[in-house]
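Paired with subunit B in one complex and with subunit C in the other, subunit A is shared by the two complexes that follow.
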Partner chain A sequence: MTVAAARLGRAVTPFRLPLAALGFALVLAGVDLPWATFSGFPGLMTLSLYPGGAKAYCLILAVGFLLFVIPWDGRRGAALAALGGLAGTAALTLLAIAKDGGGLVNVSIGAWLTLLGGLFGVAAATGLPPDSPPRPWRRLAVPLEWLLIAAAYLAVLFALVVALNTADSPQFIAFLIAGVAAAVAVVRLGIGAAVRVLTDRHLRVATAVGLLVILAFPFTQNGSDYWLRVAASVGVFAAAAIGLNIVVGLAGLLDLGYIAFFGIGAYTAAFLSGANNSTIAVHLPFALVIVMGAVIAAVFGVIIGTPTLRLRGDYLAIVTLGFGEIFRLVMQNNPAHKTNGPNGIFGIPDLSAGGFQLGSSHEVFGVSLSNFANYYYLELVLVVVVMIVFSRLNSSRIGRAWVAIREDETAAAAMGINTINLKLLAFGIGAFLAGASGTINAHLTTQVSPDSYTFLQSVLLLAAVVLGGMGTIPGAVVGSALLIALPEKLRSFQDYRLLLYGIALILMMRFRPEGVIANRRRQREFHDEDASTPDALSAPPGSVVSR
Partner chain B sequence: MSSVAPPPAPPGPTPPGAGPVLAASRIVKRFGGLTAVNDVSLEVGEREIVGLIGPNGAGKTTFFNCLTGMESPTSGSLTYRGQRLSGRPEHITRSGLARTFQNIRLFPNMTALENVLVGRHSRTDVGVFAAIGRGPKYRREERESAARARELLQFVGLLRVEDELAKNLAYGDQRKLEIARALATEPGVLLLDEPTAGMNPQETRATMELVRAIRDRGLAVVVIEHDMRFIFNLCDRVAVLVHGQKLVEGTPAQVQADERVIAAYLGTPAADEGAP
Partner chain C sequence: MTQLLQQLVNGSVLGAQYALIALGYTMVYGIIQLINFAHGEIYMLGAFGGFTAYTYVIPHSLRGDALVVLPVVLVFAVAFSVTAAVLMERFAYRPLRNAPRLAPLITAIGVSISLQEAVRVFYPGGNRQQPFPSILSDRQFTVGGVSISLIAVFVVAVAISLMIALQTFVKASRTGRAMRATAQDPDTAKLMGVDTDRIIVITFVLGAILAASAGILQGMLIGQIDFRIGFIGGLKAFTAAVLGGIGNITGAVLGGFTLGIVEALATQYIPQGSAYKDVWAFVVLILVLVFRPTGLLGESVRSRS
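And then the complex of A and B:
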């Protein structure tokens, strides 16, 4: 918090209640009045007394603020987030309306009132005393705690479904701003921590509920394919990201060519599954192919790793980067006329398991689940297996040795850890998991070609791991989901898409360097100091100075 | 003191008391033109505390590095309980030599308990598949490791902070944790590189007690230290390194009385010899 903001806060303190009341009244009035003079803007913005689209987000934030933050003390963070989000949502929608309508004249009074109300609210919130530490979570009856876990997870699923079904880009951005604001407010209220405590306390229940939510996802799509296709890509990506998380997150080996192992798995599947133009005329059962893809990738991992894992840090990164490029170029140059060069191999047939065709739709509980839903479920199995491998290794002596190597390789060797073998093991297991997910991906996309395995893909995987949270499983999954789904939602920004994407990454690293879902160790690594040194500029609670 | 040529390696470890636990013979380490360690021999007996002193740059830490495999000596040989030691640090640690570092090298973002558990690595052998399968062997080993690690934390007095990150521990506690971590490798000889550096007199005395307690557990200890009071009160035998060569070796009384040591190391009249 800057000095200026602290000064503003002190100036505002005596007026905060009237300011907040005024702001709230303005927002209430604003969302009931029309926002646009022309029809066609999403959310039916020309209507009175109909809070749709961005209006609804503003209303929800305002009411949520009223319900949860009104016990004023020690909730400045939550209040600022909620009201800042409100103002941001209103401002963005206002600008979007102005752009669509061809000028600010097309913005109606409601939008201005809402924005003004939000700004008043933010001003009022700066006058609050600083956050007091959240109270520890009280124990409730066990079934009640289970219900709370379920409610929290369902809320996440609901938000996700709403987000995905918000088709239009300006409205989606408005939703994104409102959603992030609400999430920050919820975390600042201590609810995030409470959910975490509950999850820890009932880990099995939480896992089961989480799994159910994930299983339920295809049923929320009304038979539409679009997001299921995206979700299927997320699944493949997530399994590979968890594998990369072993290499980068646990063992601390920066691998910039990881996509090559994924590609090796994919090419293996393409060769051996009876694809149209496969140069090898064999069709092996998928159970065999996935193992072969994984093992071949792991063998390559060991071959590359043996000489290079003696290198540390930057050098290893450069060698792995080179390997990724070599793989792509070799595939492109059609060695022994086997890989079809840049055309790749296409027409890879859909999978079938015991008469169950993954390529066709199936009716379940009256909902038609398409081929993508089938692959989604198949990948879910893979992701669960990969998760089990990751978490069990992580909590064993092998996982501890990996972390020790990451922390201080010399000291690790002095503690009796064979650093070279263990690094090789991490590399090999990572490659194995990437190869396995590559084989599924080949069937999902029905074709492989060298340009699917570029350096950018490796970077994307790495970004998923870092963004989601290094060294955690949910982190890698969330990171993959964000990095795959977000560009889809930003499609209408076309040329600015990558720019927005980059900005999002930078903001993330600035404000939450440990990732969306941090593992405990990294959270403490980055935030222990924050907790122990109170904000020097803000006055302690109860000693509010008025001017 | 001239060293004896290393005996031919017997098939198994010799029984305690049959000879020196650790025998370093004519160790030489050159870095290009610089000879950091020049023909140094050192023997350490059962339950013996040996001090290694010398002015800065005398080659003490390099000598330690040669003993623990962090540097490979240019020439010379090293035996532990009659077995020849060579190769990478992890093999030497597995054989029974453990060390601490002059500038603390804990795993900063692991908890105190995890740090000690890492020390158990070479004494456990659950593999990838056993770890994924979580069979009875895995569970037994994890249980035993945790129990042993807690016992060691208790021993150095850090059980109360077992869940703290190593980097958040007080300086003195970090030194102790490094010792606990080294003990977790179940060594026969513990090599301490300046264990009291940066400590106040009280902490130094506590460390002295800790080293004696370690000796009473049946270990031999080699300690590098600049604190003369610490060395002369604690050690059974003291060796003095100067310019990479062993100048004198003997009991604390002998070393203190030796004029060459006074000249080379302690300097003119020993007024402030022990000031920490």
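And then the complex of A and C:
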């Protein structure tokens, strides 16, 4: 495969410019011509001179053709990714049009031209000289670097908004292909690393900009509820995932019953918040309930953790799994007629804070923000608190001790670390944060029932942490967002959701165990046989900070 | 008294199956110190293999003849389980053999979920319970007021003979000796000329054969299978393995029978016991870990880390 590519590359090298120019011309022509003979395919594919839908993605990726004339480090990989993505997007859309229309005859000339142009581009890109590793980013004036950070984050928000407004499955998959190709191209050009270096250098500014982008999200939805509901779920899930990340990512303890602690928090809130069919007629203020939910969850965490954490990590996995099942079964069996069995407790009232009703909509800057937006902001507060807890712990003596335990427990103990207490602390803090998220979730969904706290939910949380990146905050957030939001878009794959998660877990552990957003220390740990990971080489000296 | 005896019999039948599955956990753990979460799914696939043979392979006219049905069902069950076990070892676990501990554990969970979901989504009717044939006649014996079905006798007999066969194999054969050597010290075993990769595959295969048999026996006994049986069955079998002392073959058998009997007695004698049928195994697991983490027969677990 690589041999064939190299041979093709050698053959193509002298002709790469004309070939690329031809490809570029074909793509430009292709996106202006109609792609389908019938109307109804999303993106108005029958029009000429109207690059909408998948055509627009191809047009944006066609920027990759410019790399043939700009000598930029990493351009070969970037051009291959961008133009390969272009060909892939065109091919997929072509097939989708053929399927919708009932045969390849319904595909018009534009689609074929674009596909051909993309393939020419890929062939020409194999003729580019091999990449040298990208050079470290030069320092710019500080305000300019701030602007770059803001631009990067705004690009992400823009992509997100486009993604959410992209209607239907084939077009969305085309968007995904194009988006992933563009992201890979950007990373190959060293821009990803540059953003990372910039973020490290101006951590406060980057955090503030990131926060602003997240705060702005509800205002991009034109008062529509659907994605705010999803975003609210992502918020709860992300807070729990960051908590799990302390347990799994920092301390290296595999907790498979994490959802039970979340459930304990949710049931606490259900009992104590004056829900319609709560069996305990108590209504405490929410500030008290959230603390109680978190503390009760933490107490259970300590009870479960004390006997098992004295032993090897493997036992913890299975005992927590067992605990998760016990929790669910006990709730289902309605002990002392308190939990209403499988029906659970419903009618949990909306929250209100100082006269502000989270259950009703409010008009802000002319945009109506619904109850989901209110909960979204409330969870944002929770996520930020959890993030602060995570990052302060991570860079403290405790955090370093956790990492030492994770890497070699015996050596850590020999260095005088009280391994049992520190593992228990990690486990307890994880349970505490899960309990806190659980209480908010109970109010958001207005009901709790045993079926919401199954083993698969724990696996989902674990998948979010593993996919996003163990031991990093953005990792857990990105992982949660992917796992919650993607299924909403890919409805036609609904039935395969869990199967795909399982396969994703296997593949991630095999090929990129450090996750999409890697913690650098963790990355080295997973790749210690090949000492020179590309990341270690490309990072300029002094920029390696422990995160 | 009759009731107690009856529960002891029921518990032993249950325990025989737990023991068969627990052996797979304990052998794999003994050799590569991996909790193979997906072993429960191997057992589930065995049950589905047997079901496939009965439903799609054996012609209607021969279905009444246990002497034809049993071997065919067994062959298919073993084929399903062994294929899955060998593939998962080769493509999921082997590449991670030197990775940090967390990686293979997470992979194992991924394998487990994928196999469950693959059966649910792709097996015809895999999303519902499927009726499993009892194969043997459902005759009941009554001995001193205790009723025992022919199938129950068969289950215990098969389980015990398989365990004796395994014990003999591990103790007496050349491959068995290589297995024990690999379990003690893989590096030294390699130096002594043992092909440890091969031994690890054989361990997975042996575990899969036992689990496949347990899958068929479970189907015959309960009369129903679905894609979820591997999850709960696997968990209980793991508990049995820990109870007996993980890594110890005799311990797994002892643990299996003990757990089965504890479960039967708890269901009978603890108020509301049957509602919490699946909880007792975990309670036992936690108690064992608190009071005797090495299990009934295990050596020190900590020294291996």
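A few points about this structure:
Following the convention adopted for this analysis, the second predicted complex is superposed on the first by the 489 of 547 C-alpha atoms of A that agree within 3 Å, B and C clash if a C-alpha of one lies under 4 Å from a C-alpha of the other, contacts with A are read in each partner's own complex, and residues count from 1 in each chain.
Basically, a residue touches a chain if its C-beta (ideal position, glycine included) is under 8 Å from a C-beta of that chain, and two chains touch if they have at least 3 such contacts.
For clarity, every value in this text was computed on a predicted model and none was experimentally measured.
Looking at the shared chain after the overlay, A:Leu256 reaches subunit C, while subunit B stays out of its contact range. By the touch criterion stated above, A:Val389 is placed in contact with subunit B alone, subunit C being left untouched. In the superposed model, A:Ile503 makes contact with subunit C only, not with subunit B. In the overlay built on the shared chain, the residue A:Asp451 is in contact with neither subunit B nor subunit C. Of the two partner chains, subunit C is the only one touched by A:Tyr315; subunit B is not. In the superposed pair of complexes, A:Leu329 makes contact with subunit C only, with no contact to subunit B.
Taking subunit A as the reference, the larger set of touched residues comes from C, when subunit B and subunit C are compared. Shared-chain residue A:Thr410: touches subunit B and subunit C both. When the two complexes are overlaid on their common chain A, residue A:Val459 makes contact with subunit C while staying clear of subunit B. Within subunit A, the residues touching subunit B in one complex and subunit C in the other are 407, 410, 525. Residues of subunit A touching subunit B in their complex: 388-389, 392-393, 396-401, 403-404, 407-408, 410-419, 425, 429, 521-522, 524-525, 528. By the touch rule above, subunit C contacts subunit A in their complex via residues 33, 35, 92, 95-96, 98-107, 109-118, 121, 231, 235, 238-239, 242, 272, 275-276, 278-279, 281-283, 285-286, 289-290, 293, 301-302, 304-305. Within the complex, the subunit A residues that touch subunit C are 248, 252, 254, 256, 304, 307-308, 310-315, 317-319, 321-323, 325-326, 329-330, 333, 406-407, 409-410, 455-456, 459, 462, 466, 470, 495-496, 498-499, 501-506, 509-510, 513, 525-526, 529. On subunit B, the positions that touch subunit A within their shared complex are 68, 70, 88-90, 93-94, 98-99, 101, 105-110, 114, 117-124, 126-128, 131-132, 134, 138, 141-142, 145, 165, 168, 181-182, 184-185.
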